[in-house]
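Multiple structures follow.
In the two assemblies presented below, subunit A is common to both, partnered first by subunit B and then by subunit C.
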Partner chain A sequence: MTTTPPFPFPPTYNFPPFFTPQPNTTTRHAQLEKWSSLIQSWCRHHRQYRLSLIDAVESPLFHNTALRKRLDLREARAVVDWMTKSEEEGGGGRRAEWIPDGPKTVAWIWWRRPEEWADVLVDWVEGTGQKGSVLTVYELIHGEGAMSQEFHGMDTDVMLRSLNVLVKRGRAQIFGGEGQEGVKFF
Partner chain B sequence: MGNSSSSQKISAQDRAILDLKNQRDKLHQYQRRITVLTDRETEIAKECLARDDRRRALLALRRKKYQESLLAKTDGQLAQLEQLTGQVEFALVQKDVLFGLQQGTKVLQTINKEMGGIEGVERLMGETEDARAYQEEVSQMLAGHLTNQDEDEVEDELEALQRELAGPEILPDDVVLPSPPTADLPVEEPVLESSKRTKAKAETRTALPAT
Partner chain C sequence: MSRRGVGLGAFANRTQATQSYATHGANLRSTHTASLQTQLSVFQSLLHTFALEHSSTIKSNPTFRAEFARMCNTIGVDPLAASNVKGKNGRRRLGEGGSFWTQIMGGDMNDFYFEVAVRVVELCRETRSENGGLIGVEECRKRVGKGKAIGSGLEVSDDDILRAVRSLEPLGSGFSIVKVGSKQYIRSIPKELNTDQATVLEVIQVLGFVSISMLRLNLKWEKARAQTVIDDLLADGLVWLDAQGPEKEYWSPQNLLQDSG
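== the complex of A and B ==
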């Protein structure tokens, strides 16, 4: 794997109050939004689909070593919790989702939601003239044909969820056994 | 999954292709594993050499050689699998093309049948030709292409009309009009015969008694 270039942190990252929960509701809301976009771009940069908070609190994402400031597990969880809620509920537009089994420590970070991934996939399939042909899920994620695509090396679960969105829309059909799923695009 | 209406779109061929592709994916994965192993064997050999353990280094290199031969074999298999997949997919395309041709031919045949065959077309063309000739005639007549005879007749008719309108005054002098006879009527002598005949006629006209 090629080494990823360092992540360009936004200016707010070097602003100490960013790491302290703000008491004012408006300020708090702005702070949460900034955190949400920081987490999303961090995950996008590292091609990360799930974020384990236990690991993340030790990573530069939540730990600014230069400022010696950090977001602890409880705070990080609050941020991700806010991200999971829809905008109507006063949340961050469902940009995260807790992975059900176990306590709230691992979450999907939707820097692209499955529906958005579905659109990317459809565009790629149409652009490469593969409508009506059978592709394996492995091929989609690791295949040479999709090497340059954003979904290359994608988490299998995310891929299956995105494909299921297409199944619901009637644009694809998943078949075959567990672990050897194939997909046919229409 | 489990959606019966949409799962019908998956044909047996699709499943066969999926099987082939899955097999190919497995070979890919196997190759990746072997590649990782060969890299490790090289490292082990290096480490052993550093420790001056020639025997183990050789062993590691032999293992590496063997794995590399496996890799070459899987390459061949992979190529075969991909070729087969390609052939199956191409055959499916061919099938579609054939189906399309069949449909096209059928439609063409039906249309031809509707036109009633070659004779029908010929007959129709003949009829069209007749109708066209007739139409030509009519339009020529309407356009005023009259024959000489027609022209004469028209002239005569015009003269007659003029005569009628103008009355007898404008008659030319040289026309000799018939005059009433001036001679005496010839005296008829044999009257007897004719009266006899009338008598006989009267006899035959007697009424018959009513029955």
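== the complex of A and C ==
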């Protein structure tokens, strides 16, 4: 396991007003977009699929110790809430999804949405000539064959959701019991 | 001692003198004009040769290009304004149609400025929500220089940016150049800044941010006046608020540009 290099924060992160909700709606919108993209790249960098706000507000993501500015829990929740909404609803294009256990504190951060992961998987399966073969979900996530792939070490739930997208599209079939799932690609 | 004619003959003399003076004057004038015209045409052809000879440098080196453009302007050849003016007598020397640049550089110079203009417009639109439609020429140049995709950066000077923005004017685009303090900005929303707003933006340029008390202290403004200006700037999206300090601070979003994209 290699250590992750430090996350390269964008210049916005060092802009003090970034941490205060902007009173002007247009500016606020620009601000939310910047937060959304920052959260996504942060999670992507750390290969993180779910974000617990309680932990995150203490992490560098929401707490800029150099500036002594922070996004508090309520504000962080507002940002993620905006991310969960579609663009038609004036949100951030469903780049996040609340994990429904208890109040809004943990969310999936879709730096790739399940549908997008599904495309990545299909490309990989086709590119490596594994169409028609059977793989276990464990192999997909931890197997040596997919070591270099972005989905290596993926959250199992996210993998299953992405696979289910393929099932719906008729491109894959899942079988086996929970924790033992296998998948066949067509 | 001047010789003064006596009698009626003097009248005839005088008329003659006046006439000959006039002829002489006309002669001088036409020689002058002729020589000036020769000079000008020589100069134009020299400029032409110069431009042809250095066309690659003009295209690739922004500083050189700016100097060249400045030189053209000084002698009244505006590379862009000259575009597509097909006077009946004018520009005979430059051939049919097309701008000065097109004539000498084979078309891609004009395209160059249009390309820059397109980038500027794109950038202004993209960033309008974060900077209220006011973007520093310098920041704009950096961003256009970087380009979005790899290898798409255009090496440009501030002068190129200004020229490109000016080339948009005939379109009634509402893009204009405003000067605040020592800095030039591109305003992509047709709205005037009043004196107070410009002053505050100038202070932000120098200090990085402002607060109401700073304005009251430094500019000796009444609280209401300072508050009004700040509220207006906020409403126009020209400043961002930081409420996490002891006093509310207002920052200019000009430095935000680098990250998006």
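Here are some notes:
Convention: the second predicted complex is superposed on the first by the 186 of 186 C-alpha atoms of A that agree within 3 Å, B and C clash if a C-alpha of one lies under 4 Å from a C-alpha of the other, contacts with A are read in each partner's own complex, and residues count from 1 in each chain.
The rule we apply is simple: contacts are C-beta pairs under 8 Å (C-beta built on N, C-alpha and C of every residue); 3 or more make two chains touch, one makes a residue touch a chain.
In this text the structure is predicted, and so the values were computed from the model without any measurement.
Annotation for the three-chain superposition on subunit A: subunit B and subunit C fit side by side.
Taking subunit A as the reference, the larger set of touched residues comes from C, when subunit B and subunit C are compared. Touch criterion met: A:Gly170 reaches subunit B, while subunit C stays clear of it. Touch criterion not met for A:Gly145: it reaches neither subunit B nor subunit C. Look at A:Gly90: by the touch rule set out above, it reaches neither subunit B nor subunit C.
Contacts of A:Pro10 after superposition on the shared chain: subunit C is touched, whereas subunit B is not.
When both complexes are overlaid on chain A, the residue A:Gly153 reaches neither subunit B nor subunit C.
Touch criterion met: A:Leu135 reaches subunit B, while subunit C stays clear of it. By the touch criterion stated above, A:Gly182 is placed in contact with subunit B alone, subunit C being left untouched. When the two structures are aligned on the shared chain, A:Thr20 is found in touch with subunit C, with no touch to subunit B. Angle at subunit A between subunit B and subunit C, computed from CA centres in the superposed arrangement: 100 degrees, to the nearest 10. After superposing the two complexes on chain A, the shortest C-alpha to C-alpha distance between subunit B and subunit C comes to 41 Å. In the superposition on chain A, no residue of subunit A contacts both subunit B and subunit C. Remark: subunit C residues 129-130, 132, 209, 234-235, 237, 240-245, 249-251, 253, 255-256, 258-260 touch subunit A in the complex.
Residues of subunit A touching subunit C in their complex: 10-12, 15-20, 22-24, 26-27, 29-31, 34, 37, 68-70.
Those residues of subunit A whose C-beta lies close enough to touch subunit B in the complex are 133-136, 138-139, 142, 167, 170, 173-176, 180, 182, 184, 186. Subunit B contributes residues 1, 3, 6-7, 9-10, 14-15, 17-18, 21-22, 25, 28-29, 89 to its touches with subunit A in the complex.
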